Amino acid sequence: MIYITRRERFNAAHRLFRPEYSDEKNLEIFGKCSNPNWHGHNYELFVTVKGEIDPATGFLLNLKKLSVIIREKVIHKLDHKNINLEVDFMQGKLASTENLAVGIWKELSPHISNLSAQLHCVKVVESENNFVEYFGE
Amino acid sequence: MIYITRRERFNAAHRLFRPEYSDEKNLEIFGKCSNPNWHGHNYELFVTVKGEIDPATGFLLNLKKLSVIIREKVIHKLDHKNINLEVDFMQGKLASTENLAVGIWKELSPHISNLSAQLHCVKVVESENNFVEYFGE
Amino acid sequence: MIYITRRERFNAAHRLFRPEYSDEKNLEIFGKCSNPNWHGHNYELFVTVKGEIDPATGFLLNLKKLSVIIREKVIHKLDHKNINLEVDFMQGKLASTENLAVGIWKELSPHISNLSAQLHCVKVVESENNFVEYFGE
Amino acid sequence: MIYITRRERFNAAHRLFRPEYSDEKNLEIFGKCSNPNWHGHNYELFVTVKGEIDPATGFLLNLKKLSVIIREKVIHKLDHKNINLEVDFMQGKLASTENLAVGIWKELSPHISNLSAQLHCVKVVESENNFVEYFGE
Amino acid sequence: MIYITRRERFNAAHRLFRPEYSDEKNLEIFGKCSNPNWHGHNYELFVTVKGEIDPATGFLLNLKKLSVIIREKVIHKLDHKNINLEVDFMQGKLASTENLAVGIWKELSPHISNLSAQLHCVKVVESENNFVEYFGE
Amino acid sequence: MIYITRRERFNAAHRLFRPEYSDEKNLEIFGKCSNPNWHGHNYELFVTVKGEIDPATGFLLNLKKLSVIIREKVIHKLDHKNINLEVDFMQGKLASTENLAVGIWKELSPHISNLSAQLHCVKVVESENNFVEYFGE
């Protein structure tokens, strides 16, 4: 069993808030991340997959294919977008890094299985001081 | 003459566009940075000042004071904000990294002189692949 | 189950030695880290907690609160201090990175439980080439 | 149980290809990594060992000794070398990062046990976007 | 006058040697970098251009265009290549980082002028410990 | 004219204070950096030299020799030391990063001239947020 990780990046705007709350209440709960005019981040996404090495190639899987899947299924939807307003798999959810990691897992997981590997971890780095990891359960 | 640099960080949303243009024309000129729903970055700001070492302290200047000035005069206005909508010194300007660097220079410059040092460089890092430097002229 | 990590930093002096040994014997066992005049590091501390996402906030926990706990309980005691002489939870112990990671775990653990999350890992980075991880057992 | 990680680095040339294939077929399967004239990387190697803290030293093990073992047993063989042509433990294998991680594990594992610690993970970073981890099974 | 820097990366093999010398003499002068079987690096290239901000766009220049020029004129020739054997603008030169920086400058310079900006600096980072800068004279 | 930079690192303890002041007055002026029990840093040192490329080698100078000089003349004196108590070229000076950069310049400058190159810049990085540069005048 070998683990391989691919990093991709995206820049996005978001806001943490509950629409049924006032701006004041959102500020109290979510702090400056609730700014109604949005703010944003350079996110880093680390996708780790696991499986057996294919003796014919020396690879767990073709990393180019993994990169294409990550870009098509999640980066394309997130990069230079507003996470709250424009990302289909985040609709109806709070745009937290935790929910983002779970959402990305759900988007990627079925496509990874097609590569004869398993998704192991989705790690979303929001800043140099904060990151979230999700292992699927 | 010694040069000392302080790094501060801010997360902000922005959009590159001219209001008199259609979304299509903005997309053509500014690419995906023109997204009407905003996007954002983790910006890094490096402020370099220069001057003589004070023999009484071994310092060019008190770095705490420099940090306080940078935070009060620019980080406080930029962090978790929308650069286009909320930052006073960027009103009426395109929210490019170039204009941001010049704008930050103008905000900081008078306050640095009070520290018996001179502002030498404002460097704004937008992503790991792009940064802008401004030396005041 | 989601994992979230917060980074904090501290600068400290330390020395590796056993008081009952001569300087020569300490030098033999601990190398240049035994210098009787101390040396120091920019330490990075990564604290990982785990638990369920709270559907009301989208958070595992309020990261601000986690940061305040880490700063109050450990950074405040370590930053710009001498680990051997001034840090209460390191008294009577060798000031190794291993013991530091275990000590920080013991300081933090009871306070994390109050946040309806569990401490998962304490990682202490001593230099770009060395780090220690402790998972509580 | 404590985990300690040591980073070492090496610069090497390699090529991904099967000798029984034509250059065209190798290009199709391995992409530009199959270039017959070689290419290369600054590899980073992270070796993680685990075990109990020795109360006499505060150490899991002497990190100097670990570093010497890593340098003698693997870095010395890999640094400024051609992985395909010159590295004994990679002969007859495809020079992929996956095989490299497994090969390094086999080289290091017997020597770590002599340090009263266990090898836990070999991580090989090929670029800022790709890395492989192997845990020995 | 504003300065903007774009980073691009390439992985390449090279060897430092003079063909008229024996392997022993090359080893004496160039050290392990003279290995006849090649070695390689993850190079980072930082290209800095300078000029006036265009008031119509807020840009010094279109960074996309700059990136395309750097990729077409130099990265395409260098990435996953052997610098000694395959890079046209390095033929007949020692494949040192110094010569690489000067060679890249000459390749890029005429194309930057077409962007109504001037090339200011080519910086080539060979490892985390070594880099070279060339300012054109 | 080409510029080449070598990075070296050292870990040291220091304290900012004037011996004729009380601990209280030192605390007021130098903040927590005045802790009488010392604190410390992982310092990074970047030494930039400039000159002409030697056509016989493709080098400005032999980087190995530059590294040896930096290690012998400054790193050896600073690494795992107390800057206030043990570093000869810092005696009688405040142990600030500014004075450290100037002191390192004076130690290195005569030895660089022997390499048919000129010292251009000494940069001392004290933390990820602060660094000092000295250009010799």
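A, B, C, D, E and F are the chain letters, set down in written order, and residue numbers restart from 1 in every chain.
Here is the rule we use: a contact is a pair of C-beta atoms (placed from the backbone, for glycine too) under 8 Å apart; a residue touches a chain by one contact, two chains touch by 3 or more.
Being a predicted model, the structure only gives us computed values, none of them experimental.
Trainee: If you average the Cα atoms per chain, which one ends up farthest from chain E?
Mentor: Taking each chain's C-alpha mean as its centre, the farthest from chain E is C.
Trainee: Look at all chain centres (mean of CA atoms) and spot the one farthest from the centre of chain F.
Mentor: Taking each chain's C-alpha mean as its centre, the farthest from chain F is A.
Trainee: If I compare contact pairs by residue number, which of D-E, A-B or A-D overlaps with E-F on over half of them?
Mentor: Of the listed options, the interface copy of E-F is A-D.
Trainee: If you average the CA atoms of chain C and of chain E, how many Å lie between those two points?
Mentor: It comes to 42 Å between the two C-alpha centres.
Trainee: Roughly how many whole angstrom separate the Cα centroids of chain B and chain C?
Mentor: Chain B and chain C have C-alpha centres separated by 34 Å.
Trainee: Centroid of chain B to centroid of chain E, CA atoms only: how many Å?
Mentor: Their C-alpha centroids are separated by 29 Å.
Trainee: Find every residue in chain B that makes contact with two or more other chains and list them.
Mentor: Within chain B, residues 128 contact more than one other chain.
Trainee: Quick check of your reading of the touch definition: is the inter-chain graph here a line, ring, star, complete or other?
Mentor: Drawn as a graph, the chains match no named shape, so other.
Trainee: Each pair of chains that touch: what are they?
Mentor: A-B, A-C, A-D, B-E, B-F, C-D, C-F, D-E, E-F
Trainee: Which residues of chain B touch chain F in their complex?
Mentor: Listed in rising order, the residues are 1-8, 48, 53, 56-60, 63-64.
Trainee: What does chain E use to touch chain F in their complex?
Mentor: Touching chain F from chain E are residues 16, 18, 29-31, 93-99, 101-102, 128-135, 137.
Trainee: Mind listing the chain B positions that touch chain A in their complex?
Mentor: My answer: residues 9, 11-14, 32-33, 35, 37-42, 79-82, 85-86, 127-128.
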